[in-house]
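The structures come next, written out as structure tokens.
Look for subunit A in each of the two complexes below; its partner is subunit B in the first and subunit C in the second.
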Partner chain A sequence: MAAKKKRTPNVQNDSWVVVAADSVIDTQKHDSDPAFVRLRNPLTDAASLYMLGSGDVQLYEVKAFEEDFHSWFVGQTVQRDGRLIFVTPMDPLYLILPYLIKSGKEGKFQPVDQVVMDEEFPACSRLLSCTRSLTSLHHIAEEKEVGGLKFHRYSQERTMNWLKKKVERTVTALKKRNISVGEGVKSATFIRVKPDADSHEEDYLRYAHGLISEYISEDLSKALLKHLGLPELTSPKETEPPSKKRKLSDQPVEAEEDYTKFNSADFARKPPKKMTAAQKTLAKVDKTGMKPMSSFFSPKVKAEKK
Partner chain B sequence: MDLNPFDVNNSVSCRLTSEIPEVCRTEDCCLGIDEAGRGPVLGPMVYGICFCPVSKKEDLKDLKVADSKTLSEPERENLFQTLDEAKSYVGWALQILSPNTISTSMLQRTKYNLNALSHDTAIGLVQFALDRGVQLKEVYVDTVGPAEKYEEKLSKLFPGIKVTVRPKADSLFPIVSAASICAKVARDRVVKGWNFAEDLGEVDTDYGSGYPNDPKTKAWLLKYLDPVFGYPQFVRFSWSTAQTLMDSKAVSVHWDDDEEDGEKAAQRQNNRSMLSYFGASAGGNDQNGTHQTHRYFTDRRLKSLNTL
Partner chain C sequence: MSCNTSVTRLCAPSVGQAQQVTVHLMPCEIEHNGPALVSQYLTATTKDNKQEKMVSFRGRGLKGQELSCPQGYSGLVLKEINKPGSDQEDRTVKVSSVFDKLTYWNLETPPNSDDTVVMAMDWPELAEAIHGPVED
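After this line comes the complex of A and B, so read on.
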């Protein structure tokens, strides 16, 4: 039992356990197969894995369930990684949005196929083949049509309204699925006497905003928070209570201890007391910012006196 | 002895019993407990009880029951036959603990050791006799662990019964000898005719005594070691013999409750050192400016991928 087991690094394998939407494997209508593609992640600006359905008709995001100590038995083989990969439909606008924002800084109307271009991720132009892409561009951009050609320019206002709708829909979905959104932990088996509904509307909004923020840049996420009318949460450090209580009275502050005794000659001559080993180690501890035990007991008594 | 009930599913624990003699329900009885197959890495451990009226104690001696270890296999088979034929006043019951039961008990998260398993099986068999109306007054047990503690435990559980726990009880009390013969015969038969649940084809049954120090057993264990699954259920995985072989020859398997070196485990689990909470930039900055994934995904252990 005590024998140490060596962990060998995960070996790349050529098979995966995948849960995919039915539409992914519906290849009858189109000649090309669905394919994994690497595209620019709108949040991290780095590569992430996505999937384009057959004929590039639909975009899917790829997420993996990963936890320690899992493996698969697949047919007559063992799959070392216990990963479960989910391929779920995704709105291609999220991936198109960063390109539009970038070109929008120039303030010109441009044809989208010139905008959605990326040397690092050439596959991004395939996003425009998705059925939802071109028809829904008006959610995030203004449109102009000249001589049968369409030109687009990024619109922050339209985008915010579009994202707000996304948040609202997410809230509906969260409520329907009964997903716990509040702070702290809720037990699924613990039955509340009455559902605490309205007070948690903000919790739902915040949670949904957080979820949508996984798909947009941080700047957009902040703008969206404002658009939703939610104040920014302060960091826990700032919300910490002040370490000392403020004095409530206007009366002049009196010294609580008589420090003059340290000045007396009597004090100076006293040899320092010898400390035990435990006291010595205690003395070495950095006590900056720590309150003495006594501070928890004294103030109330004084308040009563006044 | 009909071993069918065990052969049907030899991955669990199984109880085999004789008829209860009528006389045992009316007269004060004595009962002996012994086990067979505690040490081997192969096959089941069998617990046996034998009981008869106190007045018939001397008759057992006439049957020439003796410590099963001093007897040859044919002698044991004959003696069992004799005991089984004395059904007018002798009853027996067996609990066959399959090697799988032993493995899973000893290797589960809350460890259940062999002594506890042994005690509980013995207690279960005594309770069985009581439930069937046997008028128990005396119980004799070959000890497992310290005799006094075991005796005290059993006496408390069965008030009104005189419990005697002795090392080597199987050579001291004929009723314990009888129980040991029943257990040993059952174990021998089960091991000989082991019904492998695994699809191993033609199995080489020349596995010797099944004890860890038997060269034949060792050779057999090497031969039937599967790199992924280890062994057939015939083998007690919890025995260090089996574990050592699996550690060196089979694929390593990591379990959630494996003990790992503290620091390495902490690193693997991305635990932060306590010290990091006191540093100058405590809180907030620990992510190095990178985005913290929403808890919807972290709670569900979902991650984005950048390659497959």
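After this line comes the complex of A and C, so read on.
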């Protein structure tokens, strides 16, 4: 939470408003409870909060949607913390990938359970229990089977193809969403500046690339841009798709719309000292774990607010 | 760095005992956590016009609307139980109440599809594109 001047810190918060995938609370299948765990964020390389579902079969991303000056009424109580926290299924490969890349530098085929290890984040080995992890490793690594044992070696080529498919899926979803949202926001003054279909397509590609880049290192993000056939733009201003330039607000957009900058600046931040245990954990939830939802939607808001 | 090893367990069976609750996202920060006479002073004076709700809160006109949770998603209010004394210990949260829709309020402006909380509800669909399995 961004501390406002003259505002007392929110110390007693022990309650959170969450929108979670139904599978999170489906207790039928497994006897162990889901758990919030801290794992290494592939973009920032620092701790982020994730959730491992019951029986570790599914990984979830934990993301806070936050606007300034909001609070909740929950039943007959007031909750000062106005964040809305989303818990959505996440592809564990994004978190496994950095470990494979690191070990891939040795160029050897290795058993993956010896690769996905981290003293700082011991929970990371639980990622391999996720149903999808072992069955989808071939998207990011070459596989070799010797005597019934599987060995893996990171493959940049496979990873690029995998990420490209991710971008394509995202483009499709963005277009779908735009259709449903687009009609409602049209106003009399709305003027389409870019009727050119090709450049519009590039807007989608760049936007999707930006979304995927939240889950990969900067190096990989650059390589992916190349793989997508998109030239790297030099200044943050130019990386905005043309549609985003139709903004009304006069606040600077660079930092907000450059996904990588936003993250490294905001989320690698460590929580300050001198807090209660509850605050500490909450602070970790805040700053290291989750990106505000607004980071995803603000460019779009600007594009559509006419 | 040892704090990275502690986990926060979500006591999933607690959802069975959790009551449905009404939740309102208010367009102001209220520097308080605790009981409030919500139904007496907010719900009771709310006017329902078509899809838009109106209420006067502390002399300010609020306009709001109801939003449903995305399909396949549930609203949960999580509460910490048995707070541990140090950050090294594991923590536990339980589902204290559930909701399937929320009401959000704007200050003066009528609710519309540009409102960030409306867009936030699109996140699960977008996340599914980013995280769903890709074909070979």
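FYI, the second predicted complex is superposed on the first by the 207 of 306 C-alpha atoms of A that agree within 3 Å, B and C clash if a C-alpha of one lies under 4 Å from a C-alpha of the other, contacts with A are read in each partner's own complex, and residues count from 1 in each chain.
Assume a contact is a pair of C-beta atoms (placed from the backbone, for glycine too) under 8 Å apart; a residue touches a chain by one contact, two chains touch by 3 or more.
Please read these numbers as outputs of a predicted model, since none were measured by experiment.
Q: By the touch definition at the top of the document, which applies to A:Glu67: first (subunit B), second (subunit C), both, or neither?
A: Touch partners of A:Glu67: subunit B and subunit C.
Q: Contact-wise, after the overlay, does A:Trp16 reach subunit B, subunit C, both or neither (first, second, both, neither)?
A: In the superposed model, A:Trp16 contacts both subunit B and subunit C.
Q: Counting only touches as set out at the top, which of subunit B and subunit C does A:Met90 meet: first, second, both, neither?
A: second
Q: Pick one for A:Leu43: touches subunit B only (first), subunit C only (second), both, or neither.
A: Only subunit B; A:Leu43 stays clear of subunit C.
Q: Counting residues of subunit A in contact, which comes out ahead: subunit B or subunit C?
A: C
Q: Could you look at A:Pro111 and tell me whether it touches subunit B, subunit C, both or neither (first, second, both, neither)?
A: A:Pro111 contacts neither subunit B nor subunit C.
Q: Quick check on the superposed pair: does A:Gly82 touch subunit B, subunit C, both, or neither? Answer first, second, both or neither.
A: second
Q: For A:Leu211, is the partner it touches subunit B (first), subunit C (second), both, or none of the two (neither)?
A: In the superposition, A:Leu211 contacts both subunit B and subunit C.
Q: So which positions on subunit A get touched by both subunit B and subunit C?
A: The answer is residues 4, 7-8, 16, 36, 38, 47, 61, 63, 65, 67-69, 78, 86, 211 of subunit A.
Q: Considering only the defined contacts, which subunit A positions touch subunit C in the complex?
A: 4, 7-8, 10, 12-22, 24-27, 33-38, 47, 51, 54, 61, 63, 65, 67-80, 82, 84, 86, 88-91, 94, 120-123, 132, 136, 138-139, 162, 165-166, 169-170, 172-174, 176-177, 181, 184-185, 211-212, 215, 277-278, 280-281, 284, 293-294, 296-298, 300-301, 304-305
Q: If we count contacts the way the header does, which residues on subunit C are in touch with subunit A in the complex?
A: 1, 3-5, 7-13, 15, 21-39, 42, 69-70, 72-80, 83-87, 91, 93, 95-97, 112-114, 116-117, 119-136
Q: Applying the document's contact rule, which stretches of subunit B touch subunit A when the two form their complex?
A: Within the complex, subunit B contacts subunit A at residues 228, 240, 243-244, 247, 252, 254-256, 258-261, 268-269, 283-284, 291, 293-297, 300-308.
Q: Taking the touch rule as given, give the residues of subunit A at its contact with subunit B in the complex, in rising order.
A: Of all residues in subunit A, those touching subunit B are 1-8, 16, 36, 38, 41, 43-44, 46-49, 61-69, 78, 85-86, 179, 207, 210-211, 213-214, 218, 235-237.
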